[in-house]
Amino acid sequence: MVPLSWYLLLAAALFGIGLFGVLVRRNAIAILLGIELMLNAVNINLVSFWRYSDTLTTMSGQVFSIIVFAVAAAEVSVGLALVISVYRRRNTVIADELDMLKF
Amino acid sequence: MNFPILSVITFLPFAAGMLILMMPANRKNETRAVALATAVIDLLLSAWVYLQYLLNDMQGYQFVEKYQWLNIPPLNIALHFGVDGMSAPLVLLTGIVMFTGVLISWGNDDPHIMAGIQDRPREFFAFLFLLAGGVFGVFVSLNLFMLFFFYEIAVFPMYLLIAIWGWVKTREYAAMKLTLYLFIGSVVSLVGVLVMYWTQYQNTGVLSFDMLEMENAGFSATFQNIWFLPVFLGFAVLGGIWPFHNWSPDGHVAAPTAVSMFHAGVLMKLGAFAALRVGVMLLPQGAQHWSWLIMTFAGVAVVYGAYIAFVQTDLKYMIGFSSVSHMGLVMLGISTLNATGLTGAGVQMFSHGVMTALFFAITGMIYDRSHTRMIPELGGMAKIMPFAAIGFIIGGLVSMGMPGFSGFIAEFPIFMGVWGEQWLVAVIASISIVITAAYIMINIRKVFFAPLPENLEGHVGDITVLDKVAITTLCLFMVVIGLFPSVMVPMVQTGVENIMRLLGGA
Amino acid sequence: MFTTTTFASILPEILILTIGLLVLILEPFWKDEQKRSAGWLTAGGLLVAMIVSLLFGRPGEPVAVLGGMIRFDWLGFFLKMLFMFAAAATALLLMDHEQAGKRGEAYVMLLASLIGMNLMASSADLVMLYLSIETASIPLYVLAGFLLGDERSTEAGFKYFLFGAMASTVMLYGFSLLFGFSGTTDLYSIAATLTSGSISPLLAFGVVTLVLVGLGFKVSAVPFHFWAPDVYQGAPTPVAGYLSTASKAAGFAVILRLFFIAFPEFTGMWTMVLAVLSAVSMTVGNLLALPQTNIKRLLAYSSISHAGYAMIGAVAFSQFGAASVVFYLAAYIATNLLAFGLVMAFSRVTGLEEITDYAGLSRRNPLLGLMMLAAFLSLAGMPPFGGFVAKVFVFAAGVQANYTWLVIVGIINSIIGVYYYLNVLKYVYLYRLPNQDEENHPVPLTQPYMIALVILVVGVIVVGTVFAPFFNWSDAGALNLF
Amino acid sequence: MDFLNTHLLSLILFTPAIAALVMLFLPNEDRLHRWFAFGVSLIPFALTLVLWNNFDPNATGFQFEEKYTWYEAIHSSFHVGVDGISLTMVLLTTLLTPLAILASFSVSDRVKPYMMLFLFLETGMLGVFLALDLLIFFVFWEIGLVPMYFLISQWGSANRNYASLKFMIYTMGGSLGLLLAVQMLGVLFGTFDLVTLYQQWNSLDAGSMLMGMPVSTVKSIAFWAFAIAFAVKVPIWPFHTWLPDAHTEAPTAGSMLLAGVLLKLGAYGFIRLVLPLYPVEAKIFAGALALLAVGAIVFGAFGSFGQTDFKRLVAYSSVNHMGFVVLGIAAAGLASGTADAHIAMSGAVLQMFNHGLSAAGMFFLVGVIYERTHTRNLNDFGGLFPLVPIYGGILIFTSMASLGLPGLNGFVSEFMIVRGSYQPLTVYTAIAMLGLLFTGAYILKGIKNVLHGPMNEHWAHGEHKLTEINLREILVIAPLMALMLVTGIWPMWILDIINKAVTALF
Amino acid sequence: MTGAQIIFLVVALFTLGSALMVVTSRNLVHAALWLVSTLFGVAVIYALLNANFIAVVQVVVYIGAIAILFIFAVMLTRRDMRDTGPQMNKSWWAGALVAVLTFAGLASLLSGWSGFSKTAADLPAGFDAISLLGEALVSPEAYVLPFEVASVLLLAALVGAVYVAFNPSKK
């Protein structure tokens, strides 16, 4: 049987990779991809915590992950719409080129 | 007394300020009339309080009103008003300064003179009344929170009043400096006040900002020793205590006339009064522990202020530094912590308030007409405005502590009080009397009796009837108190009695 | 089961949803020039909703409803009323916005995020909490980038979204760990299982850190503040106002409930973390505000520092502390909305946003000048405006909790604050336009602005003078946390 | 009449001040002001005559006492009363004031304030003589300065600013010590009442400690604090330098009062305060005091002799004459209780009175000629006797009185002083008598330069023709001359009263 | 090492490897495709955890909707499809450091937790996860409110996204 720790480490690793993507990618869409990886890491956490908990029947973990799905969908749709909107005005989606507002 | 007279006194200026703000901008004279009416009513009411004050009640507060404002457990904040012998004269003082301040700000449409406030009198009077209301509030509050509340209200209109209507050259700098100084002082006290509040809770289980209850909070000696200085000095900044007096002359100089009057006449009293009421009365042991320091500061202020005033060539700076010196005397009186000195301090607050208001009023009149305040550029004013000259001379006599005027009545017990504690300070501080006499007399001569400079010939006119009324009012108080100290001193003594009780109980 | 209590507990949200749907349905049928009426509908509807909720939706004893998803208590209710008030004011301010005012979507987004905020204030479950935070945030991303023709606005929306998504994901990771450690998503049960026996303080510290990334972002506390100036500057001004007030306040609601309810075991740890955040926020916010020349950026940095002040109350971890935070939020919502409303009213006419552009305003429109006075003095913490009392309360709470050093930091910062707030007023009152004929360049106010601004300015003064009822409500709310 | 009897002193004291206030409201008519002031100033004189008449020289202690609460807080009351010494001084004051006013009828510049200041001055001077309360004493002591300052600085001659300020600062600076010492007494005993203080202060155990010092040290310091204040006023060498300046620059009537009365204030202070309060110190320091007195006599005489300015000459003569007063006082202090002391002291008091008459007369006469010639330079005169014989006669008469010609008043008092002092202070008295020689020298020099010698033709013809002294001026000088003569021939009319008071006191 | 463990390791390595490709590939289309592969791997993990419904949702929603959305978005922002220029910050090493530290920190923190290495009990017989989940989502005693709110959120997001993305004409 696989211990919980393996899943948690997998999630942590995925989270770290996602974070890396968020922090270093210049392209906004790539940053969003990183965020998706992080969200998946969270979901792995949630589901595995559910699976390894003493109270399987409450289903909290699974419900949580379902909600995360919904939120992720909403977030991505709005986010991509914003990316497109920016692209339409500025012809770029490179995050550091969007610097009109820099101090 | 069922009529809530203290509340009316305090809130009337606020209400009037609102009313004035709502008046049409072009009705300048109507605005001024409303302002004057308000000031007169407040003066009469404060005079009523003064006259109805019962002298045989030696310890209590009178005209007490108490409305629960916020009485849930963690905070007991009440609109708790009352006056004692210390504050009643100051309420009257505020009424006087408010009245005279409005009078001399009336404005004159003669383009040569530009006296008073021509530009946006509406806002000016509204802010001035906000200030006045705050000042009244501090003097009558018996609740520490409300005291603080009104204290801050009294501070910030100063910024606008100075910055908008002040002397073009320095107003920005002075207004900001003043506001920051005062704000720093007040927040420093605030920390102390909050600490006192919670310590009271730890000691007695009573959560209340009520100062009467806080008197019994049983602060330990160590606590008092630690927190007395921040609380006292924080407030004393507004009292212009050396070495935190720096803002004061700059502020005086930059402020328009009526604001200078308020500033020096009342606002500095506010600092001294709050320092006394909160610092000394609630932390008596701390006061005893640190009185030497306060006395040192005050002693330096007295002599140093006088000396610096001596070397000024700007009339307003001269008066500004003389205020430092005189407020030093107030602090000196407070620092004695004995009945005589405190009585003197109480009277000095009133006396200096009236006197310095008079000085600034007359200086303003001169400046409005001659467009200069530099003493070497002035002269011959006695011929042009003899009334102002007499007023200034009387003010000067009060300033140098000439017997027969209120200044003497105030300074004498202060020095006596100091004698009782530390005679050397009295000896050193008394030097200021001679210095004061010197610069007052020299400058009176230069400004009023030296020959009129040619460039002023023909431009400068006499002061208005309103100005004369203001001068007369102010002079009257100084002379009456000087001749008959019993009109005020017994009242102050009742307040002092209370302080002595707290000091003795410590 | 559905009971009257259940219904009452989500009555405001139901009403808001109804308004939103009404806007969505009616808006296509309106002619172009009528479309700003959506603002009337929103504001009026929210007013009705507030009244109805006050009549029928008042909480009694705190009770968990809907399976413990939300807590029906006074804390949530009072904050909901504040948010609805803020949203109504924002709707009014939006109405005469050139590009956004006639778009029904703006009001729909506003209402959607309002639902999210309302739920943030009462959520008692991690699932619900996360969802409500996102419900509040996602429409705001849209609102921030609402001006499609404006590069700054789209960029603001874009940045807000990127940072927001990132921060909320990190927070979510923290939530998932919290769930894992305690085995439950119910905040009130977490406290029981999450004892120092079950997890080490270090682990708790890790979780708190992760969670604070998201919440710190919401309240724009340093070091999660860097988005705020850009977004406030770029977003439509009323939205910026809404962001800096209601959104921030909702973040504080979560901080209060989450930390007070779920982490009582680790109080010493998280109060210290919050204290540091608070001190840093105040200091950095104020220092960076000093050199600003754009008024919206100035307000942004000031809002960062205000997050720091409000946090002092949370650091105190006492009923009084919590009450002082809530009171602070009430005062701050009115104040800052007023400030942004004024900026909006001014720039709508002049199109200018630099502080120097405000020269002579007090002559161009004396009323506007006075309102600026009220708003900025309240921000500076001067009586008789709300900011003063609020600041005194949080400072008092800090002193009570023996965080005197933090209070002193706060006080030093207040002094810095006074300086730059007064600096703005200096332009309003002291300086004049170069050509000196200010009176010929009036700044007229339209009806919605008049209504909104007057209500706000009255609110600022009422909170600052008749503070007792507001504090009583705040305190009643705070009581629910203990 | 009952009211008059019980309030006689108050009436004398306050009539001039009240009259001055009434003048404020009189129409601006110079003649009216002159006559009003003159008429009013006669009232105190008349009242003083009543007082003199009702005074019982044989009763000990103070008479006509009045006591009202004044400054309760520091236990000071308005306490007045007269004994033989003060009665003499009151008489002098009330006599000289109308004469001075009459003498200043020629003043045409700002008559109203001028006359008002004179009346205030009278109140101030009388107050000092009447006060039986240390604080009241101090109050009037200082108040007197103000009118005098303005009289000099406004109506004085060329160098008036310098002179008036010097006068002010010297006196105030001198009074500083007095002020502090007064305060110390007030702190120590809780009262300012002189009668009480006489007893309590002297009953202090000399060995005990006060403020960290032995009582004797404290007393010595306080003694000098008092002594210097009075010494400046008298003035005693070396504190006299303000006096020639002030006298020279003051208007004629101002000089009359300055020399006639104001200088007596200092001497009176010695008699009323220093000797009774510090009998022991007075003994110890009598030598030093006498040395200073002799210094004043000798240097005054030399200084006088060296002057070319007629007015300065007279001014220095005051130093010289007042030196005798102090010498008498010093002797009385040293030998208190003996007949020598009584004689010396009586002589001193009488000398005060006499000098009041003669100095006032001399200054008036200088003023008379100055008004006509606008010069005071002795070298500009010469041989004027033929031109103005009446004036010349009067001048010679007055000079002789001043010089101490037997048969005139000066002789009596100087003789008594020398007689009384010789025993206790032999050496000093001997030197002082040498000084007397120079007195003769300078007075004769003055007369010679003015009246005799070759006539300066400048004054004989044309527009500069010297006119004879007029009736008004004669009316001024006549009472003085009459008194000089009467006192010289029959001094007992006044000496009796003085002597009894002195005997009772010392 | 049991079979389940071996399967887990294989899937995990596949997932992490794909994830690494997502964040490193220069071509965004490739990155999006690698995301699909990662998501698929995560779906298998869900299946391993006996969360079959979640696994299905993962495939349907994530791969079917979200990932496809990404690909559209990438294609719509055409210019940046060209993989010219650096795809990472100049300070990418700092980002890497943060990421590694985050992982290390999380791992070390988690390893200190008492339940870190616990194993799961077998599912009870007749355990019907899907119906339990369904009930939980609609029961007023459980998660009906989030469920409803999620729908509000999705509606709002829809309205917002349409407004933002679909507004070509107005300037």
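Residue numbering begins at 1 within each chain, and the chains themselves are lettered A, B, C, D and E in the order written.
The rule is simple: a residue touches a chain if its C-beta (ideal position, glycine included) is under 8 Å from a C-beta of that chain, and two chains touch if they have at least 3 such contacts.
Being a predicted model, the structure only gives us computed values, none of them experimental.
Enquirer: Quickly list, by label, the chains bordering both chain B and chain D.
Expert: Joint contacts: the list comes back empty.
Enquirer: Everything stays put except that chain B is ignored; which chain groups still touch one another?
Expert: Leave chain B aside; others group as A, C, E | D.
Enquirer: Based on which chains touch which, give the shortest step count from chain B to chain C.
Expert: So the least number of steps between the two chains is 1.
Enquirer: Find me the chain with the mean Cα position closest to the mean of all the protein Cα atoms on display.
Expert: Nearest to the common C-alpha centre lies chain B.
Enquirer: Using the touch rule from the top, work out which pair, A-C or C-E, shares more C-beta pairs.
Expert: Pair with the higher count of C-beta contacts: A-C.
Enquirer: Among all chains, whose Cα centre is located farthest from the one for chain D?
Expert: Measuring from the centre of chain D, the most distant chain centre belongs to E.
Enquirer: Taking each chain's centre as its mean C-alpha position, how far apart are chain A and chain D in Å?
Expert: Inter-chain centre distance comes to 104 Å.
Enquirer: What whole-number Å value describes the gap between the mean CA coordinates of chain B and chain E?
Expert: Using C-alpha averages as centres, the distance is 70 Å.
Enquirer: Approximately how many whole Å separate the CA-defined centres of chain C and chain D?
Expert: 82
Enquirer: Once you find the CA centre of chain A and the CA centre of chain B, what distance in Å lies between them?
Expert: Measuring from centre to centre gives 64 Å for this pair.
Enquirer: Chain D: which residues touch two or more other chains?
Expert: none
Enquirer: Indicate the residues of chain C shared as contacts by at least two other chains.
Expert: Only 127, 131, 134, 138, 141-142, 145, 148-149, 157, 177, 180 qualify.
Enquirer: If you look at chain B, which of its residues touch at least two other chains?
Expert: Within chain B, no residue touches at least two other chains.
Enquirer: Can you work out from the touch definition every pair of chains that touches here?
Expert: Here the touching chain pairs work out to A-C, A-E, B-C, B-D, C-E.
Enquirer: What part of chain E is in contact with chain A in the complex they form?
Expert: For this pair, the touching residues of chain E are 2, 4-5, 8, 12, 15-16, 19-20, 22-23, 28, 31-32, 35, 38-39, 42, 45-46, 48-51, 53-54, 57-58, 61-62, 65-66, 69-70, 72-74, 76-77, 79-80, 86-89, 91-92, 94-96, 98-100, 102-103, 106-107, 110-111, 115-121, 123-124, 127, 129, 132-133, 136-137, 142-143, 146, 150, 153-154, 156-158, 160-162, 164-165, 167-168.
Enquirer: Provide the residue numbers of chain C that touch chain E in the complex, in ascending order.
Expert: Touching chain E: residues 1-2, 6, 10, 17, 24, 66-67, 69-70, 103, 105, 108-109, 112-113, 115-116, 119, 125, 127-128, 131-132, 134-135, 138-139, 141-142, 145-146, 148-149, 157, 177, 180-181, 198-200, 202-203, 206 of chain C.
Enquirer: Which residues of chain C touch chain B once you look at their complex with the stated criterion?
Expert: Where chain C meets chain B, its residues are 319-320, 323, 362-363, 366, 370, 373, 377, 380, 382-384, 388-389, 392-393, 395-396, 399-400, 404, 407-408, 411, 414-415, 418-419, 422, 425-426, 429-430, 467-468, 471-472, 475.
Enquirer: Would you tell me which residues of chain B are touching chain D in their complex?
Expert: 339-340, 343, 393, 397, 400, 402-404, 408-409, 412-413, 415-416, 419-420, 423, 426-427, 430-431, 433-434, 437-438, 441-442, 445, 449, 484-486, 489-490, 492-493
Enquirer: Over in the complex, which chain E residues touch chain C? Could you list them?
Expert: Residues 105-106, 109-110, 112-115, 139-146, 149-150, 152-153, 155-157, 159-161, 163-164, 167, 170-171 of chain E touch chain C in their complex.
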